[in-house]
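The structure appears below as structure tokens.
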Amino acid sequence: MDFDWMKIPYSLLTLFIVVNYGMILNAFIQKIGARVGRRHGIPIWQNYADLIKNYSIRSSITHGVMFYLGPVFRLSGGVGLLLFVPTIYGSYMFSNMSFAGDLILALYFVFFGTLGMALGAAESGHPHAAIGITRGLSQVTAAELPFALAVFAVALQYQTLSVTDIVAAQQGSFLNWTLFTNPLAVTAAMLSFLGSMMRPPFDVVLAPQEIPIGPPTEYHSSYLALMQTNRAIFPIAKIVIYMNLFFGGAASWPVFFLKVFCIYMISVLVGVVFPRFRVEQSIRWFLIWAVPVGILAVVLV
Amino acid sequence: MIRRAFVLLLLLALGAIFLDLLLGFVPATELNETARYYAERSAADLGTANITTAIIVTYRGLDTLGEVTVLFLTAAIVGLVLSWGRRSAEGPQRQLLPTGELLTTGKNLLVPLILLLGVYVFVNGHLTPGGGFQGGAILASGILLMLLTDPMKRFSHGMISAVESFSGLVFVGLGLLGVALAGGFLDNRLLPIGTVGELFSAGVIPIIYSFIGLKVGAEFSSMLVNLSETEDS
Amino acid sequence: MAQIAMATGFILILIGLYGALTNRNLLRMIIGFTIAHSGVNLVLVAVGYLSGRTAPILDSAVPMAEAAERIIDPLPQALVLTAIVIGVGVTALMLAYAYRIYVTKGTLDIGKCRELKW
Amino acid sequence: MKPELEKRIVRTPDGQEFEVDPLRDYYCEAAPTVMPAAYGKIVEDLFNWARSQSLWILGFGTGCGAIEMRPLMTPRFDAYRYGVQWRPTPRQANLFIISGYLSTKTLKRAIRSYEQMQNPKYVVGLGSCTINGGMYWDSYNTIKCLDQYLPVDLYITGCMPRPEALLQGFEDLKKLIRAGKCEGANKYSENFDWYKANQKQVIHDWDMPDYNW
Amino acid sequence: MVDGISFIAVSLGAAFLLGMLRDSWRFAAYGVSLATLAFLTWNAFCWTKGFAVDGLVPIEIFTAGTPPPFAVNLRLGLTESALLLLVHITALLSAIYLRDTLMQQGRRAMSVLLVLCMALSGIILTRDLFNLFVFVELTVIASGGLILLSQDKRALGAGFKYLIVSQVMSILLLIGIFFAYQATGTINIDGMAEQSALLFKGGFLAFFLMFMAVVLELKPFPANGWALDVYESAHPAFSAIISAAVGAASLIALDKLLLIAGPDWLMLTSIIGLITFIAANLFGLAQENDRRLLGYSSVGQIGLVMLVLGQKDILGDNYLFVVGGILLAHAVAKAGLFWISGLVQGRELKDWAALRQRPLLLFAFASFIALLMGLPPFPGFYAKWELVHALAAADRLWLLGLMLFASLLEAGYLFRWFGYVIKRDLPEQPLACPWHKRTVVMLALVAAWALAYIWGELSPHSNLLHLLPLLFALAFLVLEPLPAWLKNLLAIGGMVVWFLLSYPGYDPLQLIYGGIILIGGSIIFLASFYGSAQRRLGFYPSAMLMYAGLSLLIVAEDSFNFFAAWELLTVGSYFLILRGKESEPHALSYILFSLGGAFLILAGFALAGLGAGQIPLARLADLSGQTSGELAGWVFLLLAIGFLTKTAAVGLHIWLPGAHAEAETDVSPMVSGILLKAGLFGLTMLLMTMGKQQLYGVELTHVMLWIGAISALVGNLLAVFQEDAKRLLAYSSIGQMGYAVFGLAMMNHLGWMMALMFVINHYIYKSMLFLSVGGVAKRTGTRLMYQMGGLITLMPLSFIAVLIGIIAVSGVPPLSGFGGRWIFYNAIMSDEYRLPLVIIFLAGPIAFLYLFRLIHTIFLGQLKDEHRKLKEAPFWIVLPQMIFVAFLMIFALVPGLALRHVDVYIGQFFAGGPSLNWEGLTITSQFGQWAPIPIMIIIGVIFMTLFLWLLFVNRRAQKVKQFNIVFAAERPYRPETTHFAWNFFAPYRKALGFLTQPLVTRFWETLTDLLHQLADLLRRFYTGNGQTYAVHLLLFVVAVYLLQKGMM
């Protein structure tokens, strides 16, 4: 097979753009949260400071080999997810590594990081880490379900599993977006989106005071820095999928920034308004409110 | 009480079945094919005057063999069962009052006559109403009389058993000879059938019937003796 | 005639069975069965009876040629004899059993022989 | 010593017996090492800037000062805008505020928490109690001078200092960090024996390894 | 050979001769008896051989030189001679067995035994009704005498009850015979048969009474209380005679009567037989006394034969084959079991555990149980096959169904008993086994296998004992004394050689299954080298039996061979599962579900046969074309449910967790990784031939979709809440099989590809996981996960196996599990059923939960004190795991190696549907693409970059120990309280726990409880009172009378 080596620098470029955008977006979102709480909020570059500080920590400890692998899995998951999905529609170079697989690859690769993180955190031997993981996994099983249904509905609608083809089908007018052609699927997917963004009301997994930070309790310094990096990439990578599937994709970087921002804002706005669910409550919530919508979407498509 | 009522009810139902049988029963007016065959052929073929005897000893000799075996078996089992009790209790024998003179004399007088009658009945089984079973029963009644008059009298088990078994063997042996020499198992025509109505006629029927008589007599006696010996324990 | 005998026989059977099934004493049961057996034999003989005929023995009264018209069915007669003897055998066996049960258990009550059940 | 920490005999599933010494088997016994700044000046300046702009306070309230720290998160004071935030786990925190008097019992926990933080890490003593015992100067179970037990980078005086004083203290601390003068962790490692001796002098039921990794 | 009359004359003569001997000549008397019996046995054998092999014509024996019907006549044919052989051989062996008793009781007892033989011979030979009566009475009296031989005082009461009942029977019989004679004018059976019109005009009642009397001899329910008492208390050797010989003779008496009767009576006979069969087996469930249980079983088996007698009209030429098969199997097995019961000292079923002291006796016991159950290769198997086919062809389905149900009840108590024998503690009293008794049992064993061979030869289908794999498995019985490593080597060698031999004949589908079974099986056998210092008695025959069944299954071309292989693998795996430590109840439920499923399959094949004895499997395809109505749908339904029991579909799954979890370390992967594929293969075969079927408008494959989906959900969900690692894996298998069933049921090309992908994947990773978990459990001495933890450094290889395994299971790229998921999505794209998909979607992520739990609670977290010195799992257990890891990697990179050919092959069946394109490195479908190698490379590069960088940055990181964790300024004290493992997914349980309510378990438990309680309640009806029994008898007569009146 002939591989276009130029894809590598372009992928790195994509990565670079997304990391920075993610960092700023995260800070921006925190600022929104602060403003809702009538605070001034953090400076927009705060995340860079935190990241550099964590990389600059001099000492570190390790609990074993899986302890290293946790953050590695986590960040690989984020980066891989980003690279397996075409970022900019119509751009050969910014389609990154999406030749390797289709929507299903992306869908399942989401779990790569989750699984690795769970393993790494568990290796630390800290019970709170394990509790956090059980909460997270429990919740994600329910939260992913409406999304999977919506994806399936969309795939059925367009009769393809290729992300590029799905985006292509939505071009022309914004009325061609799945949002308008299949509102049920989008509703289900967006409800699931709330759950997978680790924001209130679905962030009991981290529960900072109850089980200090949850899974990454023992993580620090460069380990934590890798995870922070992922925290910048992963939501964006995820939103890219949503954008491509439901909101017509993005044909250029400005559209990309705008759409990602808007989609991210949905979870933020919900998050700042609602209090936190317990795990079983959120599972029930997804099953009662989101899944039926997804089922309707699949059945009616 | 409920149980009795239930049994009664069931028996009434059974009675209803029987009633059904009874009402459906049409008495024959003519002999059927089988009976006619016997009536017409037995005297000619087998030389017996008593058709029933012909049937018992020859035509359905196998039944009779079974019948004799039943008695043999019963005697053996009764002997087996009762002998356990005896074995366990070899205590001193019970003393009875002596039997009266009248009874003893009567017995002495009657027993030979009874035995003679018995022998007569089975020897003439092919000619007159009677036969081995009846004769044997009469023989056994003689033994019973002896037992009544002298409850402590002991008969030789070995002797009775030997007579019984020997008779049985002869019966089977004659039957097998029939296979070899005549028409089949238990065919009576080993010997010439002679003239109907004479004592020495009907082939081996009188012989077989005599041995049946002996055997039945021995078996009944054996049972009686065994039962009477249970008195001891 | 035959029907009367037969009916009597059936009644005897029922009486015998009733006795055998309601009395708990082994000896009484045996007697019940004996009565029933008598009834059976009566029925059997009645089956072979043809009214107005004589016993199946050839003699001067019944010459061979007329036998088929003069005698009753000889077969039931013969079979009944067998049946009687077998009945005697079974009765004797039952008596032996009753004796053994009495010796081992000291009772003649059938209701006491219930170690085996279910 | 708690019975759980005493040596004990354990049976393996296949029946052999061996001794477990919890203190040695469960805990790492290595001593802390001095970790000087390893990179060039520019890089270290950047790092120090980042460290100063990202003060993650360990959520550990010792004395009455703890109550003064809460308002910092409220809209009125909003410490977040200065890059200050609270972390519930010492692994991720780099600033330890001893918020008031420290009983010897709490000292033990404070030492353990401090040692579980990663180098570089900073200690701020809050209020007069941490400086000289304050109103508890003659108490039998509080320590009088925090400096003898943990390397303090900055004291904020007052009884109690107001949140504004705390904010001022953070700004001063930032200056110290940016100047590269906050090497408390290295100081602790260099004078490890001295600190340990002081600590053990007041903590009589010492039942942990010398350094809590 | 000697004239037929000798069977009567010789034994009678000998009996009379015994009477002439002295009481003290006991040896002589015993010698005469044995010689007589031996002579007659030989004679019967010669006759049987003459009729069977040399083609003699049946002979008539006239007595009294007069032709029938005027004199008694006898007939000797094949049936008669075979039964005579049975009677005499049983009597001869029992006489040998009874040596001490007979010597003690003397010649009278011997003559009673001889007379019994003679009476039975009479019943068998005679063609005359009254003669039959005489011999029946003789049998009664002789039996009454022999019952007395028992040491058991209770036998007296039982014997008396027997006599009471016999009296009533003889009254009925006599009256019946005479009235029948009166109606027809003949007393000969053949004569009466000719006159049957006459008989039924006036003499209906007469025949009814005769019929009832003979039926009552066969101990029909409910008039059989006495028989049970007799079986329980009589001497076992005598019980053997009653059960085997007397039963057989009574059956032929009934057969003779049925000659007279018309077809109406046949059905009546069948119904009586059926009720008896059901009731006896039901009551058997509640029995703990061995002999009484055998009694119930005897009564039941005789009932079954009665049922078959009643089906004479439809069995045609097979009548003798079927009756003979069942009857002889019953006779040999029951006689053998009764003889063994004489060796066992205790009278409770669990006392039979003493048999374990003598492996040969144990083998005999197992053979007898198999013989009774009609498992292959025993005659009952062939007979039941024919019977069921005939019943199905004649549309007597209710009879078929009830019969199979009762057989299942029978299996219930027989296998429970077998479980007791294998698993219960050795009783205090050892076996009493003098050599002559043992020899007798061994002769019965030989007879059992001889019958198996003969019936195989007689069978219109193939003789199973000619099948090489089966023989190879049986050969291991002989090889048992060898050391285990040698046997293991032989087993592996055998399987590999068989694979190489059969390889050219396989089509691609068979190749996949064959590869998994034979090569995969060999790899798992590597693990058996561990601990091969012991001999592992019973392991290799069982395992090889299972593999023999499996390897025959995939090459079976007709329904008969398929079903035989199915039964073989079921039995083999049952033995294997039973070997586990606590596996007794689970093995029982496994075999019951499996047999239930097998019966459904049998019924399905029978229905599909349309009157033919067997059909090529390919012919199933023509079924819907050939028949009208719903037949094809029913066949599909029955077969599918049968196969679904093996894949443990939800509702039928409750056997699996226990069976897989409790099995030995190297057995779990066999029964999970390989055995479950049998069900899938069955489904594949079924769907490939029959395709989609409808029943009452319901699309059955659609129902299967639902079943598959719900299995996946329930299996996964239940796995989440297990504390026991092996149970977790077992439940996970239920879920995985659910996926595979779902894939098959989709009935499209890609669905099948997915199912096959699951077949391969599930084999690899489930075997691997079971092995590594088994290895860990071996080292830690527990299977409870919360008692483990932190083993990663101690058992790194096991950890790697589990890690790779769970990544593969969860379907995360880049490992091979993802391939399955990818194909799955492509498959559902073209599928019109959407609702079950929702459930599958829900099930998917749940797998993460239990997989994470598995790896976390065992290998991560806190190490326990007592495990600090553990070593890595044994080499032989780790080796196959590493092979599997390599497999998994290769399969992940180049799935095309295995799947391309199958893809083409399956394509033939789903022409025109979407398929896959395997060109180049990327696999493309109509909807998307998947490039395993680029995925692996991309992920690998990212991963390694980050990993190396992190390692570099933290090169000076301090390695800390297990309690160096932040603990809210405190510190943990004990690993036990720090390891978060128990009730791991508590919030999940709160949210979705209601879905794991053990409804199915409760359903089956209620059902079995109900059956047991019903049995316990109803058996009280046998009060033990002789008079009550006689009342039952009368009640039965009246009831049948009313029934027959109603039917006519």
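The letters A, B, C, D and E name the chains in turn, as written, and every chain counts its residues from 1.
The rule we apply is simple: a residue touches a chain if its C-beta (ideal position, glycine included) is under 8 Å from a C-beta of that chain, and two chains touch if they have at least 3 such contacts.
Source: prediction; values computed, not measured.
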Just tell me the minimum hop count from chain A to chain C, counting one hop per pair of touching chains. 2
Chains touching chain B and chain E alike, please list them. C
Would you identify the chain whose Cα-based centre sits farthest away from the centre of chain A? B
State the pair with the higher C-beta contact count; candidates are C-E and D-E. C-E
If you take the mean of the Cα atoms for each chain, which one ends up farthest from chain C? D
Rounded Å distance, chain B centre to chain D centre (Cα mean): 118
Inter-centroid spacing, chain B versus chain A (mean Cα positions, whole Å): 106
With centres defined as the mean C-alpha position, give me the chain A-chain D separation in Å. 35
Whole-Å gap between the CA centroids of chain C and chain D: 112
In chain A, the residues touching two or more other chains are 59-61, 212, 217-218, 221
Which positions in chain D touch two or more other chains at once? 89, 91, 213
Shared-interface residues of chain E (touching two or more other chains) are 130, 134, 137, 141, 144-145, 148, 175, 179, 181-182, 187, 958-960, 962-964, 966, 1031, 1034
Pairwise touch list, complete, is A-D, A-E, B-C, B-E, C-E, D-E
Please give the residue numbers of chain E that touch chain C in the complex, ascending. 130, 134, 137, 140-141, 144-145, 148, 153-154, 156-161, 163-164, 166-168, 170-171, 174-175, 178-179, 181-182, 187, 225, 228-229, 232-233, 286, 1019-1020, 1022-1027, 1030-1031, 1034
If you look only at chain B, which of its residues touch chain E in the complex? 6-7, 10-11, 13-14, 17-18, 20-21, 24-26, 28, 32-35, 37-38, 41, 45, 58-63, 65-67, 69-70, 72-74, 76-77, 79-81, 158, 161-162, 164-166, 168-169, 172-173, 175-176, 178-179, 182-189
So in the complex, which bits of chain E are touching chain D? 779-782, 865-870, 958-964, 966, 969-971, 973-975
Please name which positions on chain C make contact with chain E in the complex. 13, 17, 20-22, 24, 26, 29, 33, 36-37, 40, 43-44, 47-48, 75-76, 79, 82-83, 86, 89-90, 93-94, 97-98, 100-101, 104-105, 110-111, 113-118
Give the list of chain E residues in touch with chain A in this complex. 790, 792-793, 803, 806-807, 810-813, 818, 821-822, 825-826, 828-829, 834-835, 837-838, 841-842, 844-846, 848-849, 852, 855-856, 860-862, 920-922, 925, 927-931, 934-935, 938-939, 942-943, 946-947, 950-951, 953-954, 956-960, 962-968, 978-981, 984-988, 990-992
